[in-house]
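Here subunit A shows up in two complexes: once beside subunit B, once beside subunit C.
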Partner chain A sequence: MPPIIRDKFTIHSKAIVCQDIEIRGDVTIGAGTIIHPKVTIFAIAGPIFIGNGCIIEEGAIIINRRKDVMRIGDDNLLEIGCRVECPEIGNFNTIATRSRVHHNVRISSFCVIGAGCLLAPTEDETLDDYTVVYGPSAELRTWSGRGKVQEADLRRKHAEYLKEMLPKFNRLRRGDGT
Partner chain B sequence: MPPSILYHCSCLSSSPHPPPPNLPSSSYSFHPLHTLFFCEECDAVRCNRCVSIEVSSYYCPNCLFEVPSASVRAEKNRCARNCFMCPNCRNTLSVVPSDPPDTGDSRLSMPISSLNEPPFFLYCNHCRWDSAEVGITFEKPTGLAAQLQKYEDSAPDSLEFERLKEHFEPFLRASSLSSTIGGNTTAHASSAAHSHHAHSNSITAAASAALARDIPGVSKYQPLTRTTSGRGGSGKDRSRNKDEMPEYRSRVEISKTSAYGGGEADVELMDHIETIGSIATLEQRWVNSWISPLQTKELKPLRIPLHSKRSKRCPSCTHILIKPEQKAQSVRYKIKLVAANYLPAITVALPHAQKAKAELAKKQLGKSTAAAVEDASISASNMHAGKTYAFHLALSNPLYDPIQVRLSAPRMNVSTAPVKDGSPEKARRPPFAISLPSSGFSVAAFAEAWEYEDDEDMFGVDDGDEFGMKGGRETDGRGKVRTVGVLERRANVTLVGGEVVIGKEARGDVKFNMLVSYTYRSDDPTPSESNDGDGPSSTSKSSSAANKQPEVKTFAFYTVVDLGHIIPRDEPRAETDF
Partner chain C sequence: MEPPIYYKRSEYIETDTGNKVSRRATIAGPQNIILGGKTIIANGAIIRGDLRRTGPGHAVVISLGRYCLIGVDCVMRPPYKTYRGNFNYYPMKIGDHVHIGSNTVVEAAQIGNYVEIGKNCVIGKFTIIKDCAKIADGTIIPPNTVVPALSLFAGSPGRFVEDLPESTQEMVEAQTKQYYTRFQPEADAR
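Right, the complex of A and B next:
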């Protein structure tokens, strides 16, 4: 009954993708992106493009139910257990542990979705740059942007560390095909 | 609501019997076992309501620094070091340096911590608030409290407070001398600089207090007229009645300035607000100690309030029941006399409800809605009027000696039925009958897990689904299926079954008091004592035990067992679900 999902993975050679992940559909992963084990990426209806330098941690679920391309930008951090369905994510975002983002939200750059937050507005919404969502009731506020250079630096160091350590303890998946 | 059991603490009341559990007001005297303490001297259960509590130490929850009690007051109950609280989300703030000037991405190799870029500011990791939004920045990353001190001291409210203190200080001093000998601690504290006037000798202090007391018709004798000088108007004050004092003129006229809350400026502000988020919430304003700004963007970071570690004492014999360790980091206790170490822990279960829940869970496996499962299991565990249900009590023994337990349900004359018009007799009949094992049974001693032998005596079937059994108690005639009595013994837990017969007209909850009395061999050389709360059954037991062994002690306590809600027979089921 469901349409046949044709797997087509385009993984950059500099990306670190662990083997123990569930990945289906048309997925493109950019350079320097690190995907931890136990990640689920389902490009069910449409393709998913993941940018450069992203860090996707264990238990993250990325699902694209729409026919359009789902674009995830550069240098994002998707923490453990998060669930992302939004059609567009910009750069340098942080989607914290166990948060859930619905498919009618578009996230710009430098946003932070706090831990455990559920971002499911009733209608289509675009989060501006520097938006912070926090608290159990998902309050919104705007970040001043102070400290973003340090945070960018930290993320790069995070990615570099993982690039060294992950291959030592996990099998990597390389190349195209299933 | 799953079946539960709560323990009764008499809270030093004279009657050992607990109040009837159906009254809503009786819930105050029943507590879960983990909140109760046990005093060894009085051999009694103590609860949080009857113990006397005193502060053992103060500490900051963030830096875990122990603040000596003397400086707690001086620091206004807040942490004096670098611990601040975000006014937005009340998370802890961390001190971060500012971003280095933007030179592109070439500074990868330099670690951030060595970048001591002033100005430093406070930053909340959770909501990304930072103190630069309100204009507070620091030159050094340490000693923030000192750097903020000058801001705080020049705040108008603290200046006002200082002025008030100066104004009232002479009157406080005068009244402290004419009052009791010890003097008011408030007067002493506020006049710390002037405390040298206080008499060093208590005898002279008593004498001066006696001299200074009011005698009608004679003007007050003021012994300090010579020593205090330099106060211009004070001579005039003394000749008047001490209740009068010159009018205090505040530094700032509150009604004129609109910066301190209220007034026209606030109304203007409210007229022009654009988003509701720009006004501070009540919670945010009240946590802020003095001035509560109306706007969110004016909220300042606060010092973290200190927490305290408390020690608890028995109210009658004042022995310490709980004494925490002095170190703030350790969560252990030097003295820990909790009831769970002395009283057997009892858990109640309804086997028919457990079976229904297991079946439901199997059907809904994989569904992510746990709420639906819970609702369904709640409705399955409710009891229908007119039926008989079995329930299981599991008692686990915390002592290192085996105990003999005897359960009994004292009779109570209450009903759960709402009083209907014209049927007062119905209100008296108890709506359900409980049958418990009448004989005593033993529970094995507590020992480490590897010391238990692997023999499990199963006396009955675990799932006593006894729907069709009317007529109450099941005797040992049928060896296979037995609901009332000892069902199972495993390690230091004994599973006992009981039965409840619900009357046809019953409504409400099935709650009944249960007296648990147990005897155990104690290390004390004193002969067995019978304590408060003993039922008639245990006194006979203890007296007989006293003849046998002089070291056996008996203790009894009341509990309330709540088995759940009764679904009345005539009403439809959906109405009574909650």
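Right, the complex of A and C next:
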């Protein structure tokens, strides 16, 4: 029999979380984080902490199969249909459309996982800051950091826009506390 | 002619203009979406009409032409960028006779007429696909790409492979029309 998962959602009052999502287990969502409809968040074994100002787009899947806490930092962008199981994600990463990251990868900060990449190393791996994963065979490179300010600005404005627009068209979910 | 594809009558809503929209598709902001008629939206598709351009008045977010098909579990969402310091989503325009295969993510700005897009593709932001182009299965088109008319694109990143014959337009037109007629409700008897 599978272990019984106790649902406990802590959603910051300034987070925008759509009603139409699948969410299980112990999940904490930080201020200003935006979760689009049709997102799946499964904290199967351990809890999931999502930081501030993240944008999680439709069809994204976040799963924690480990007993430990899964931490997702601040200002991350998880694009359409990506699948993330890694125990740690730093700040300001982009996980692009339809990419998959396995549970033995730790992501630092300012990384980009390209569209459609599959990141499934045979042993544990930590991506350093500014790593870019790209192409069909998931090659690695380092980003020079050019355009970082612009990118940060775009993300901030994007989150701001969604904060205003999403509630007009979608029902929102509130935490247990309220 | 190939055999009909049957669907459950209760699963689809048919409009006066012949659009068939699955009840299991997620359509956000339907007031901002235009369907041209005889367009099929399959199960599990996600269409984001809520991501509209800011500003007063009515904004069309996604417009689809006639005889289009949005495959199973497709995601259609308009592209975004900042322009002169303002963040905005921009409308997505899709022509007639466009087939989009299952599990494809489309963030294009413009798709012409008679375009075929395979399954499991990712069409990046602000991509422009011209008339009669074809995108093979599993292609990943990076943002801001322009796919010229009558060309086949494939791979990751999507690259030009070959020119398509000039008869493509007629072929695709016949194909999409045939698909629409094949797509029928299950017989009620029984």
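The rule we apply is simple: the second predicted complex is superposed on the first by the 176 of 178 C-alpha atoms of A that agree within 3 Å, B and C clash if a C-alpha of one lies under 4 Å from a C-alpha of the other, contacts with A are read in each partner's own complex, and residues count from 1 in each chain.
In this section, a residue touches a chain if its C-beta (ideal position, glycine included) is under 8 Å from a C-beta of that chain, and two chains touch if they have at least 3 such contacts.
Note that the structure is predicted; figures quoted are calculated from it, not measured.
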{"item": "Contacts of A:120 with subunit B and subunit C, given as first, second, both or neither", "value": "neither"}
{"item": "Subunit B versus subunit C as contact partner of A:132, first or second or both or neither", "value": "first"}
{"item": "Contacts of A:59 with subunit B and subunit C, given as first, second, both or neither", "value": "second"}
{"item": "Touched partner set for A:45, first subunit B, second subunit C, both or neither", "value": "neither"}
{"item": "Residues of subunit A touched, compared between subunit B and subunit C (which is higher)", "value": "C"}
{"item": "Which of subunit B and subunit C A:37 touches, first, second, both or neither", "value": "second"}
{"item": "Subunit B versus subunit C as contact partner of A:112, first or second or both or neither", "value": "first"}
{"item": "Which of subunit B and subunit C A:148 touches, first, second, both or neither", "value": "first"}
{"item": "Contacts of A:21 with subunit B and subunit C, given as first, second, both or neither", "value": "neither"}
{"item": "Common interface positions of subunit A, toward subunit B and toward subunit C", "value": "135, 153-154, 157"}
{"item": "Residue numbers on subunit B that touch subunit A, as the complex places them", "value": "88-89, 96-100, 102, 107-108, 112, 121, 123, 126-130, 132-133, 277"}
{"item": "Contacting residues of subunit C [partner subunit A, same complex]", "value": "26, 28-29, 46, 48-52, 54, 75, 77, 80-82, 86-89, 105, 107, 120, 122, 124, 140, 142, 155-157"}
{"item": "Of all residues in subunit A, those that touch subunit C in their complex", "value": "20, 37-38, 58-59, 80-81, 97-98, 115-116, 135-136, 153-154, 157-158, 160-161, 165-166, 168-170"}
{"item": "Residues of subunit A touching subunit B in the complex", "value": "112, 114, 132, 134-135, 139-141, 143-144, 146-150, 153-154, 156-157"}
